[in-house]
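Okay, so chain A shows up in both of these, paired with chain B first and chain C after.
Up next is the complex of A and B:
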């Protein structure tokens, strides 16, 4: 085995104009090891690997692979040389099927350039079966969920036999079981002599999987350790340069009246598939209800029906006692805060200024942003509003006029969360509020969510547990692919599987594994054991629901 | 903001230089030609008045395109909306005969309404049948073109003339002139201010701008994208219609003449693109392009350079400004990045070497 299989020396990468993404990085990767790169978002892990993979060119420094100096001009060259990468951002053709995406660029071509689909299909299908990826390879990618698309990316790499696999946060959307399966497969590949570079910011995964761990922080390699006797705290300290509190401090929930009610929601998509099947649950003031589930099991549709982006075909949604089933988006927004899943696609206009992004929806609901005429907005007041948001939520930005695209992911998300939390609504819908956000921002946002739970009205007010908080708290519905997040934040966890709520669990009485089994449908649904009529209310008012709240 | 202005100025400067080289390469006296170009567009009272009159329709069609494109409504129907606006005003001016203080505002309303109606057809088709406004507005141009041609060569043809045109409108609809400057310019300035306020200051304009950047975001935020699309289309059409109306109400002819649309509408589209859909830049570029077009006429008188050179110059300016907007930013950023990388590499030489910062093992 080659101890200097991949060597990177003094790599510097400056993203124009002056973002120093890699600062003199030296890194050696041994042949046949599983080497993890860990660090916060923006620490340079992905950039480092993209340089290796030929996606971006370094400003200076050199790389050698198998003892020879290399500089790949494109990923194609890197793949040909035996280095492959699964990206964080998906690189798929949305209108192609999963199968077509997998073979794209590596098509099995027979004589006269004809596609030899039969063999390749069998191979792709067998890979799908083997890893339990639960993909229909003839589905078009644009019809699949974010989670499924991530799996297609992994499948693409599994289809190409490369010697070095770079996995850029591949487990972000997998269940514990699927993650375990992926890890087993990675270990198999590793045992077969493949070198694996695993990028993550999940400490448990890194500790479980790797032989060697490199910690990066702000473009520098902070440390490289062999994975022997290391603990989470060691890694975390190196990652953020300080001690991190892992469990979010959370006072017990004081449940009040019902602020959100979904009754028998069903939704059949254009393709005739039943995406939601009789979903009913309630959220009470002062509690955080988490929704767990593998992506693509109805969460997307649930959010769309609640926010009014999709038409409600059958069933009913009530927010704060008001039936909003047939009510337009803006009317619902008066009653709820909504942090959307994808801040770039639906949570912001990237080319517009921070201030312009901050006043969205407020511009209709907050009369204090108006100028003398009601139809006009006052630029000064909008900027002051944005300035207040920046200060309250600790957004790092030179000023409120900078385009939001120039902020880091975590700061962008703080703007989005801040904007929504500045509404004084009693119901909060959080769709993956901390996805793709650095550790520091995750901690901050999670704290804000708990504050919101305990005091809906004014986020700047001091939060005290007790009677005062009971009256003021908001009901939160938290949809997350991250079980750790659900377990640390939620007071109840509902599990969705194939469009149904199959379980209603209390975090302290359950385990990640149990939730994972419900997510995968391994366990029978709680509600199916009961008569159908009861099932509707069971998920909301079952013993678990009551048990989560302190009376 | 000022950075953008600088890049734009740099682009214009380089474009003018390139025009100079082209003139020189063609064997024309380059410098005297430019001198003529600007003296006939800027350096006399008559020149400035001509430029402002020329700018009147360009400001309006430019605003029309900017409002459309900036809201993500691909309204390419300015030529049709322009003609329909002009025809409506001509018809109104022939049929009605009222005193000017009443008739002028009414005629302006007619122009706005006619243009809005023509764009509204496309908006309605989009909302009812999900037809792409990009296609329908273009197709409506042909309909407007041939429909007005039919009117001026048939039912509305003024038999006293030998070429297709309508009768002159009643004098009540004529806009006053002051020393050659038509009040149409004032009307376009008012339209500019109103559009600017709507676009940059109103809630509606904010929603349009967000819709232009990310329509999903505006929808999630509670904006009614469908209604906003229609509203933006209507305003865009109304502005183009007003441009047409001004051609009938201002100027000298006071009637709908064949070919009166000229290239005003497409120039407006070009101006909006160069101005990146900003309202103030659109106004400035409209003035600038008007100056070039006016000056080119003078240049033709003074030197042998044909006035079509204005088209060449405009095209070069569009290319250079649009290209420089992106490329100078990239270039400057890349230069800055290289400097930074060199600095980072230099710093390393000084500090470490044997420094235990990157400890392997603990």
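Up next is the complex of A and C:
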């Protein structure tokens, strides 16, 4: 085994004008090891690997592979040399079969460019068998699960005979079961002699899988350790540069009256597919209800029906006792805070200033932002409002007039969350509130969510929209792909599968594996276990209710 | 009996240019290029074919010139739409206007005529009798004795079906249309494939123009493509780009085109008889979209953004 299989020496990557993505990085990878790169978003781990893979060219520094100096101009060259990378986003043609996706770009051809499939099919099939990938190579990619698609990406590289497999955050899109399966496959590949480079920011996974761990922070390599006797705290300290509290400190929930109620929501899309199928649940004041599920099982549609972006075909939505089934978006916004999933597309207007983004929706609901002439906004008041938001939510920005796109992802998200939490509404809809945000901001946002749960009107004194300050907290509906987040924040977890709520679980009485089984549909739907809280909620405020709530 | 044979013969003749252009458009359809420039490419091809045939006195030169004309128009389209990333619709419209205005202008400048240019020096594409076909009972009289481009077109329909679904190029072409990043990620340039698809469509549209001006008739008239490029586009979308489906639909269009001509001998005003093929096209589009609404399609949820809606 070659101890200097891949060597990177003083790699520097500068994005003009002054972003230093890689800062003098040295890294050695041994042949046949599983080497993890860990770090926060923007730490440079993906950038480093993309440089190796020929996707990005380094500003300076050198790389050697098998003792020879190399510099790949394109991923194609890297693959030809034996280095392959599986990206977070899959590069697959949905309507093609697995086999067609695998051979695309390296097709076996006979005369006149006609495809000669027989031999190639045998080869692809034998790779599937040999590494236990359990794929049917004639299935269309669009009909397969995310986990299977990831295996197709690996298969593509195996078909091209790579020796080094770079996996860029492969578990971000997987359920716990699929993650376990992926790890077994990676170990098999490793046992067959492949070198694996595993990029992640999840500490448990890295500790479980790797032989060697390299920690990166702000474009620098902080440390490289053998994975022996390491703990999460060691890694986290190196990643963040300070001690990190892992569990969010959460007082028990005191549930009040019902602030949100969905009854029998069904939705059939334009293509005739049933996206939501009789979804009913309620959220009470002072609790966080989490929704888990593999993406595409109705979460998107549920959010759209609640916010009013999609028409409710059948069923009913009530917010704070008011039936909003046929109510336009702006009326609903008076009753709810909403943090959308996609910060860039719908959470903010990227080219506008922080102040403009901060007052969005407030500008229609909050009369204090108006100037002397009723129809016009007062720029000074808007800026003051934004300034208040920046201070309350600890947004790092030179001033409120900078375009929001120049802020880091975490700070942008703080602006969005801050704007929404400055409404005094009693119902909070959070769609992936911490996705793609750095660890520090995640911690902050999660603490704010719990604060919101416990006191809805706290930070809203300045706003004066709607009913004013309320003593008790808000009811939160949290949709998240991150099970860790659900387990640390939610008081109840609902699992969605194929448009139905198949389980209603209490985090401390369940496990990630159980939730994962419901997500995959391995477990049958729970019978109606959820408390019909009509009667209980009649007693209104105060610690009442069942399930996760303290009695 | 004689009338039926005549009508079917004219269907085949009228179907050919639509089919040729449609076959070209199939490539751009699979490359996911919205090719509305087919009309213009066809018209330019028709003009350069007549010019070539007239100046050189040879139909071979005319045919090559026609294909070259379509190819040049396609090259402009490809450079703008693929490499300069301009809007396909705007670029295509520009090519169509250039085709109409440019050929009309060139007609007046080069040949000093308005409306139509006819000359005995324009050599037409030869008609051929394929042995055996003529003797077949029933379809023999229908298929025999057409300009040879008709037979080339029929053969192309089968060849292109094979090219798109059975070859390496076809696999990459369809992948480029569906997910260009997937193609780029395996080291094949999707831009290049899309540009090639546009050029192929240009050559075939040029050939359709050749057929119009040197096969169907032997002259060049202003705007002689007369919407056939648009019909071809409609037929491609209608048949979802299957070359053999294209063949059938083009024959249907050709039939109604021929029917319109036959009806001119009746008392129905010619304005109405000329509408027949286009009304048939609209009816076909309606039937198609009704069928499509019933069939399950790609998953789409209600989309939109809260901030826009909330403001």
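We take it that the second predicted complex is superposed on the first by the 448 of 551 C-alpha atoms of A that agree within 3 Å, B and C clash if a C-alpha of one lies under 4 Å from a C-alpha of the other, contacts with A are read in each partner's own complex, and residues count from 1 in each chain.
In this section, a contact is a pair of C-beta atoms (placed from the backbone, for glycine too) under 8 Å apart; a residue touches a chain by one contact, two chains touch by 3 or more.
Bear in mind the structure is a predicted one, so any value in this text is a computation, not a measurement.
Q: Scan A:310 for contacts with chain B and chain C and give back first, second, both or neither.
A: After superposition on chain A, A:310 lies in contact with chain C alone.
Q: A:79 contacts which: chain B (first), chain C (second), both, neither?
A: A:79 sits against chain C, while chain B stays out of touch.
Q: Please indicate which partner A:329 is in contact with in the superposed arrangement: first for chain B, second for chain C, both, or neither.
A: both
Q: Kindly classify A:398 by the partners it touches after superposition: chain B alone (first), chain C alone (second), both, or neither?
A: After superposition on chain A, A:398 lies in contact with neither partner.
Q: After lining up the shared chain so the two structures overlap, which partner does A:361 touch, if you call chain B first and chain C second: first, second, both or neither?
A: Touch partners of A:361: chain B and chain C.
Q: Considering only the touch criterion stated at the top, classify A:345 as touching first (chain B), second (chain C), both, or neither.
A: Both partners, chain B and chain C.
Q: Which partner chains sit in contact with A:375 here, chain B, chain C, both or neither? Use first/second/both/neither.
A: A:375 contacts chain B only, not chain C.
Q: Just checking: does A:67 make contact with chain B only, chain C only, both, or neither of them? Give me first, second, both or neither.
A: neither
Q: Output check: A:24 vs chain B and chain C. Expected answer is one of first, second, both, neither. What do you get?
A: first
Q: Under the contact rule defined above, give the chain A residues that sit at the interface with chain B and also at the interface with chain C.
A: Dual-contact residues (chain A): 307, 309, 329-330, 333, 338, 340, 345-349, 360-361, 363-364.
Q: Which chain B residues qualify as touching chain A in the complex?
A: On the chain B side, the touching residues are 197, 201-204, 206-207, 209-210, 213-214, 216-224, 330, 332-334, 336-338, 340-342, 344-345, 348, 352, 358-362.
Q: Which residues of chain C touch chain A in the complex?
A: So the residues of chain C in touch with chain A come to 162, 166-169, 171-172, 174-175, 178-179, 181-188, 296-311.
Q: Sort out for me which residues of chain A touch chain C in the complex.
A: 74-76, 79, 87, 91-96, 100-101, 103-107, 109, 112-115, 156, 269-273, 275, 296, 300-301, 304, 307-311, 329-330, 333, 338, 340, 345-349, 360-361, 363-364
Q: Name, in rising order, each residue of chain A that touches chain B in their complex.
A: So the residues of chain A touching chain B come out as 10, 12-18, 20, 23-24, 26, 59-60, 220-226, 307, 309, 328-330, 332-333, 338, 340, 345-352, 356, 359-361, 363-364, 371, 375-377, 379.
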